[in-house]
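Before I ask anything, let me first share the structure, which is written out below as structure tokens.
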Amino acid sequence: MTRALLIGNSHVGPYLNALKHAEGEVALDLDCIAAFGDGLERYTIEDGVFCGNILDPKVTGRKGKGPFPGSEVRAVLKDYDVVLLTGLRFSIFQVIRVFRDLGLVTMDSSRDYATAAENGVTLVSEALLHRLIAERLSGSLMMQIARDIRAATDAPILVLAQPRPTRQVLVEGTRFETFCNAEERGEGDFVSKTYERLAQELCAGIAAHYVPQPPGTIDGGMFTDTSYMMGTLRPPFWKKNGRPVDFRHGNARYGARMLKHVARELETL
Amino acid sequence: MKNPYSDLPPKAFWKTGVVQTDKVHWPELFVPKFTISANSAVATAGSCFAQRIRQALADEEMPILDVEPAPAAVEGDLAREFGYGLHSARYGNIYTPRQLLELLQDMQKDAVHKALIWERDGRYVDMLRPNVEPDGCASVKEVLELRKQHLARLRELFETVDVFVFTLGLTEAWIHAPTGRCLPVAPGVIAGEYDPKLYRFHNFTHSELLKDLKAIRVLLRDIRKGVKIILTTSPVPITATASGDHALNASTYTKSTLRSVAGEMAMKFKDVDYFPGYEIVTTWARENPAYEANQRSIRPEVVAHVMAVFLDAYGLRKTGAADQAEPAKIHDDAEYLEGHDDDLVCEEILIEALQK
Amino acid sequence: MSHPYETSPAKAFWRSGVVETDRRRWPEIYTPAFPIRAETAVATAGSCFAQHIGRFLRDAGVNVLDVEPRPEGMSDEAAKARGYGLYSARYGNIYTARQLRELLEDAFEIYVEDRHFLTRDGAWFDALRPGVEPDGFATLEAAVEARRAHLLQVVELAQEMEVFIFTLGLTEGWIDRETGRVLAMAPGVIAGDYDPERYVFHNFTYDEIYADLVEIRKLLRGINPNVQLLLTVSPVPLTGTASDQHVLAATSYSKSVLRAVAGDLAEAYATVDYFPSYEIVTTWAAPEAAFAANLRSVRPEMVEGVMEVFLTAHGLETTGG
């Protein structure tokens, strides 16, 4: 049985839940260190031991940063065959803003200067856009942890794609202007693919493997099919109009599909 | 016995104007021909030293035009590396009047040129502003469309500018022979390969520079009636010369030619002024050295003093920053030999790194 | 990536050519376009700085011409005050190219006219070289005759010279409207009165100076086809400017124009050379202060250093001062 250490934030939920509900199906002996939001920001790695140093909200009164249910406190890195990382601000949410008023000549909505001007978009070079995205992703807590773990252990590191949001982001009330903008320009697919490619490159750059979101879970390029987010078992629910709403966290189904990819990935390593 | 010097003011004499004067504030050195108000739309262009001028004006909260500002989220080093925020548009450094003239002509005609692109390992570099895209472009199309956008923005710039400050940097340049176009940097420094059949060296003479500056003036006035031009000469010496001459001679020739052309333009036209920042920096009549140990970078407090003279002459100085700039200690160590231009983007300096 | 500076020598780079070089000897700063040997007949003229060049060349044993030597028995002081031994003829300081051009034109036609003479306290002065007779002449006729004799010597000089060294000094000059001629000095400084109706200020432009020098070269080569021209620019700043500019800006403009013209002529003609004394003296990279406390006079050590560069480049013996 492969021993795995999962480090992340609330996006570890799908994996913990998938394992809980699919006991025996996935040959993974998983330990997890995770905190809500960027609660892991005070982590340390000393003498091969990863320590979460997660603040206890009951003590500090700081909400949204406490340990995720099921989280360990510390882990000895050499005890694991693989380290899995997810969430931690390594996601399309971090880069979608970059596209807001910018276009590339490879995007249909800004294929040349005239079209870009018509759509109120400033043309920039692909190189600049990529550098900008890389800068934002490289500065994420995820990349910091990944780099530090890479320096501390030889075990494979897999970065598990945080799912894209559902179409809920286009809807009044939960509206994300940046996603709407990309959707209106018809560039959702382009934006997502660009993100995926750069995420992959960045991970490869620090000798980690990026496990992309499975194509079957994707809806129209930029979104996750609602069925992979409905009824997330992630506590606590975000209630809106009395209904649990979560359009940014995968459910157990998402976790299970991703884990299949992880298993395949592990075979090739 | 009367002579024509009897009634001249103190500034006219070396003894009173230089030897005995305040050589930080240089009273009466610069008496502007026209005013700049706090609302004047000012644009800057030129060699790397022009970045200093822009910065000083921006520090005084002057409305310095920038028609190609860095996109949101592009900040700090990334912005500078990609040529944002250095000048009033993303043209990079413009070292010669010919380069500016040709840029303006392109703007007038919306002309972009496939022939003026270097290929480097599958990347494409705009020969006319190679430094604004340090990683090159992904395709020829990208180069050309970005250039079209640049030209469109330039039009906005020159349609709104009230005062255009142009810093003359070099006379030595490389010409792309097939198109006859003047390049900002030698082939092979940022990209491209030097092929003597494709590129030729040219050292612009006084007459050529004068003709180009006159043409620039006409063009600018066509677009924006009443535009004023302030010329300055960069006091930064050349990094290397292709003239066959010694660097000191070549640099002196270059700066002298530029200074004389600028002076002549200012004498000829009411709407052209010359700001003598160059002389404040380069004169031997200084109390403290103006240059770092590399004899090329200008010490920050000297730049501050120069710009204070400029701003004071227009009554534009709000802060006392320049006065407070204490003469820094004189550095001699190797670190300072490398120079202090880290905050300037200057492709011309790259030639030094290529020296064997 | 290949680039055009790959094969450039050390002197071509600011770093190796200036910062890291011997800034007293300035190796390779000057590669003569043509040689000056001990036997070369050299003539000198120009602004004050040209006097140094003549003196050092003479000390180095070069055949520096003097067609108007001082009369026997005249003291050094008196000779100097009368313009003897300063240059190769008694034309005094020639600050502008136009002045030299007009001198040569006059000489080649032995042309003298009365209007070029000014009076002060009953004495007559040559407006075109007022400094060489500080007390003036008793009569106009004597002054005219002296000028005629001078012009004859200038012709002889032009015929004898092999290398003509001319130091460009100023762009600012005063023109006599009546004669159209440029004066050696502002009216009223030595003689005459400043009459704004008659005398106008003129700041010579690049084009004018370039054209004047081309004409000078043509005139000289007309009677002496092999003559070669060596140009230098005086590093001495303006004492005063009539340009309405600040003197620092006016000096910089003047010197810049002269330096640009000199460089372009040397580039255009194989028989015109430029010696970079101006840059050696005025560069901020000079190892020691180049100017005396008045910030105008070049310190003797600096003159010596500059002349050593010149003599060494020509393989002439340096006397070491």
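Going by the order they are written in, the chains are A, B and C; count residues from 1 in each one.
Keep this in mind: a contact is a pair of C-beta atoms (placed from the backbone, for glycine too) under 8 Å apart; a residue touches a chain by one contact, two chains touch by 3 or more.
Just so you know, these numbers come straight off a predicted model, no measurement behind them.
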| item | value |
| --- | --- |
| Label of the chain whose CA centroid is most distant from the centroid of chain A | C |
| Chain centroid nearest the full-protein CA centroid | B |
| Averaged-CA centre spacing for the pair chain B and chain A, given as whole angstrom | 46 |
| Distance between the centres, which are taken as Cα means, of chain C and chain A, whole angstrom | 78 |
| Chain centre separation in whole Å, for chain C relative to chain B (CA means) | 34 |
| Interface hub residues of chain A, defined as touching at least two other chains | none |
| Chain C-facing residues of chain B, complex | 1-6, 8, 11-15, 17-19, 26, 28-31, 120, 174, 186-189, 191-194, 196, 199, 201, 203, 205-207, 210, 237-242, 244-253, 255-261, 263-264, 267, 274, 276, 278-280, 282-286, 289-291, 293-296, 337, 351-352, 354-356 |
| Chain C to chain B touching residues, read off their complex | 1-6, 8, 11-19, 26, 28-30, 120, 174, 186-189, 191-194, 196, 199, 201, 203, 205-207, 210, 237-242, 244, 246-253, 255-261, 263-264, 267, 274, 276, 278-280, 282-286, 289-291, 294-296 |
| Residues on chain B engaged by chain A in the complex (per definition of touch) | 71-74, 78, 82, 133-139, 141-142, 145-146, 148-149, 152 |
| Complex contacts: residues of chain A adjacent to chain B | 97-98, 100-102, 104-106, 112-114, 116-117, 122-128, 131-132, 135-136 |
